[in-house]
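Going by the order they are written in, the chains are A, B, C and D; count residues from 1 in each one.
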Amino acid sequence: MSTEQITTKSVSTNNTSIKHISVKRYLPDSSAEAYWQQYEMPVDDSTSLLDALNHIKEQLDSTLSYRWSCRMAICGSCGVMVNGIPKLGCKTFLRDYEGEIRIEPLSHFPVQRDLVVDMEIFLEHLAAVKPYLIDDNPVKPYDPKAPETYQQTPEQLARYKQFANCINCGLCYSACPQFGLNPEFLGPAALTLAHRYNLDSRDHGKKQRMTELNRHEGVWSCTFVGFCSQVCPKHVDPAAAVNQGKVEAAKHTLIALFKG
Amino acid sequence: MQQRDFDIVIVGGGGAGLRAAIGAAEHAKEHKTPQRIALLSKVYPMRSHTVAAEGGAAAVTSAEDSHQAHFDDTVSGGDWLVEQGVVDYFVHHAYQELVQMERWGCPWSRKDDGQVQVRRFGGMKTARTWFAADKTGFHMLHTLFQTSLKYPEIERFDEYFVLDLAVHEGAVIGVIALQVATGELTLLRAKAVILATGGAGRLFRFNTNAGIVTGDGMAMAYRHGVALRDMEFVQYHPTGLPGSGILITEACRGEGGILLNKDGYRYLQDYGLGPETPLGKPENKYMELGPRDKLSQAFWQEQQAGRTGKFGDSDVVYLDLRHLGEKYILERLPFICELAKSYINVDPVKEPIPIRPAVHYTMGGIETDPLCETSIAGLYAAGECASVGLHGANRLGSNSLTELLVFGRLAGEQASKRAAQTEWADTRLLEAQAERQQATLARLCDGEGSGESWVELKHAMVQAMESGCGIYRTEEGMRHSLETMRQLRERYAKIRVNDTSKIFNTELLECIELGYGLDIAEASCLGALERRESRGAHQRLDEGMQKRDDVNYLKHSQVFYQGEAPAELRWQDVDVRFSAPAERAYGDAGKGGKV
Amino acid sequence: MMEKLAINEHGPQHKQAFDEPLWWSLFSAGGVCFAVILPAVILFIAICLPLGLLPAGALSYERASNLLFSVPGFLFVGAVVCLPLFHAAHRLRHGLFDISVGNDILNKKLMYGAAALLSVLALGLVVAGMLR
Amino acid sequence: MHKSSSQRLPPLKRNWWLKHRFFKLYMLREATVLPLVFFTLCLLAGMVALLQGADSWQGWIAFMGSPIVLLLNLLALAASLFHAATFFVLFPRVMPLRIAGHSLPDKAIVAGQWAGVVAVALLFFWLLGRA
């Protein structure tokens, strides 16, 4: 190995500046109405929105409530609206915003308090599509004494892998007007998860899932607005999954038709 | 106050908790003893920190590998401070658990022929780490969560924060939890309780852990008299991003990444890990594939010698992946690329990644027997919160994801077995304990505390832990940290929260977590101070304590809670029935040792 | 903010939407025609023809009749009139839902009904021309 | 866990789509069918005229040449092209084409569809571009 000096950018992070962040507050036990509150803080090039919220919580106003955990864009906790667009707080950097930054709770979900929304409906929709491997008659049942894996080639894996990357952050639901218009719509993430299992070569549950997908509130409520895929922080492309689901549902119907 | 009855209550919805829930449900089904299982989590289960695990899960897989080899790696990796019977059970049950995950749909990375692929990992003799790109924990957690939806007997209590265990006459009888959304207390009566609450990395300022990793379950068990064991062993992961501490997986090195100091020199060869392995040809247990404790210690030495570079305010070394080529990097390590680009604006395909060690894992925890049961009857623990005795003084990368499956299931089955033979305790016993909790909450919210700020206390705690209980430790530093913890615990008694709302009061939760944290931080400092030797992740600079001392310290530390008084430490023998302690060596030096 | 709290009373409905695949298939086919064929059709028939940019006699009464009242003409009408009509009907139906006009069950009948009627009319005209 | 009693928000107000550029573009895309319907109705009228005889056919051509009709049909042409641009990119996402285990790049599929537009235009030119 050569012993040359490593040249990597030693970052000039410390472009510190003062920024204003407006947060939509809602404290149901003290006021029925939401209101805007502005905070001022020093930020630098590496300050994420989550860092800013944590700064508010610890230094300025400990009553601000929001969810967060991993701060590396994998746990899906910290979704909020940033200037009207759903984003993960930990993956949003204040350096990218000129002027005012307005933070609101995720759209289309009931607000519990401040930036915390009620995600129960999202969880219900996820559970509705049977998002687990269904193999009612596996060729080789699981035997702990002689455990054996299924076979799955990298090509077969590649067919669904992208759709398995959803972190359940719910941003796509906030981006989806069809969910906003009708909360019974199963929505992007749930339909994507169903499609992920339908595409899995190890799974045989497509027929069971289709009864959920082939409903008005299933794939057919989607009009391919496509904003869900724009805001997805993990590039899952839920819009593609949902619309591939329409093709599957059409096939399913055709088969049902012929079988009578 | 809501009151519900369950056969089994599981606290924690991460990998271990979910696996325990499924294990219990399957066990109950098999034995035709229908059981209701409650799964409580302070966050939605898929937010649990298992989600952030990247590299993989270890199990003996190839024909050339053997249980003996995995056993030996784990025992020597843990510097012989492991329960060898437990390790033996672990290595024999690892494979079946990973296959079970596969049968549940986990998208493991594959070889061209459709078989599961394995990769190299630090301290492991051969490649035996199963992986799903570099998001293994994420895929495992989501697979477990989604699979758990199949079981109607598992009732989830998402965003329920457990305040305390209810214990009566040496047996657990339930838990008391706070529904975060409403602030209401909930009493869950149970015949068995499993703690699966994860580690306590957030005791330290600079760490790879999520904000929720605050050691809650450890503190709950500890306060009821269960020993915290080996808490002085805290793992520094050698490769965290500067600034945030975000984890850059060991798999980078398993796939052939190399570590360089600021001169572009592969410094690990100077720390008993050499000779240098050729570029792109990583060799197990050599150089970058040494164990985490050794690598983090080597960083510290380089830092002392002034051979580290700078990134922002951080001293760093460099993880170079460039020789692996763009295609390979993007296939095997896509998440790493995303993280490095987002958080430090470095593209690993084009530049070496600046990295530095960060606190990653709590080797110690709630002491359990080999069947995951604690000293309280009916109380089990599994996963990072537990000290079942697998990791000893240093955990090997990719053993913990497998651990939460093997011991999560075992704990679930044991709890199910117990629940089938036990009756619920009298509800009034729980109510009495709940009233105590009610009073504690009231004191925090509108008590007469002097208004100590949790923020200040928290910062003091993480600073003290970092300065006194870092990669290298001194008597003086640890003593100071221990003193600090004791003072902070006193100050904590006067703490008050500003936010008195009942609805989603995260300030209140932070305060309670801080209380948990201070108790276990004291245990950690005490164990560290009293262990007057160097072993695994516990390295002392003090004269005469820089070597392992098997005569006096081939023993687990056990710390016992004493209320407001200082905690007490005892020593416990280690199970060394299969493998006598030997020299722990890597690189060429390790060649002559045990096979 | 407290406008929420409409509790969902009805349980999960599993009513299958067996008609939707039909509408969606017609919509998709119409979308392809609209995108691939219609630009040329509009350009030549609705713009070049009235502006006199086509060679004389390119669409004289005789030539136009021969072209249209034929089997290819029948297919042409299917592709540039019928399918695009269903495409339009589908989008109008969903558009009305998007802006909360009417109710979906009625809108569906109106839109797809109109598309079907006009399609029958268009194809009927071709057949009538062929039989003439 | 059984939680089918979770809260529902009332539906969005009908002006929701005015609040974001992305949604305005979506509505514009949906609205391309309005000029399409106009053109289709024109075409239907032309077919009726053709059936009625040469005079009405000439009358129809004159009608098509009136400024407003011409303008609306120019709009329809623009709409069809805008629709094509938005529709073609959706295709590979709805029906990813795979050849020998490898997915065809999206760009190739989009380009192929535009080639289709050009081919149809050439066909029309061949058919109508000469007397």
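We take it that contacts are C-beta pairs under 8 Å (C-beta built on N, C-alpha and C of every residue); 3 or more make two chains touch, one makes a residue touch a chain.
Each chain and its UniProt protein: A = Fumarate reductase iron-sulfur subunit; B = Fumarate reductase flavoprotein subunit; D = Fumarate reductase subunit C.
Since the structure is predicted, the reported quantities are computational estimates derived from the model, not experimental observations.
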Considering C-D alongside A-C, which chain pair is linked by more C-beta pairs in contact? C-D
Could you name the chain whose Cα mean is nearest to the mean of all protein Cα atoms here? A
If you average the CA atoms of subunit A and of subunit C, how far apart do the two points sit, in angstrom? 36
Per the C-alpha centroid definition, the whole-Å distance linking subunit C and subunit D comes out as 10
Distance between subunit B and subunit C based on Cα centroids, please, to the nearest Å. 61
Between subunit A and subunit D, tell me the centre distance in angstrom, where each centre is the average of that chain's C-alpha atoms. 31
Would you please write down the residue numbers of subunit A that are in contact with two or more other chains? 28, 110, 118, 123, 177, 181, 183-184, 223, 246
Residues touching two or more other chains, restricted to subunit D: which are they? 4, 6-9, 11, 17, 30
Residues of subunit C engaged with two or more neighbouring chains: 4-5, 8, 12, 94, 98, 100
Provide the residue numbers of subunit C that touch subunit D in the complex, in ascending order. 3-8, 11-12, 31-32, 34-51, 54-59, 61, 64-65, 67-69, 77, 80-81, 84-85, 87-88, 91-92, 94-95, 98-101, 118, 121-122, 125-126, 128-129, 132
Please give the residue numbers of subunit C that touch subunit A in the complex, ascending. 1-2, 4-5, 8, 12-18, 20-21, 24-25, 94, 97-98, 100
Partner subunit C, residues of subunit D touching it in the complex: 4-11, 13-14, 17, 27, 30-34, 36-37, 39-40, 42-44, 46-48, 50-51, 53-54, 57-58, 61-62, 64-65, 69-70, 73-74, 76-77, 80-81, 83-84, 87-88, 113, 116-117, 120-121, 123-124, 127-131
Show me the residue ranges of subunit A that touch subunit B in the complex, using the header's touch definition. 1-6, 8-11, 13-14, 27-30, 46, 57-59, 62-63, 65-77, 91, 112-114, 116, 118-119, 123, 126-127, 130-133, 135, 138, 142, 144, 147-154, 156-157, 160-161, 164-165, 167-168, 193, 197, 200, 202-203
Touch list for subunit D against partner subunit A, complex: 3-4, 6-9, 11-12, 16-17, 19-20, 22-23, 26, 30, 90, 93-96, 101
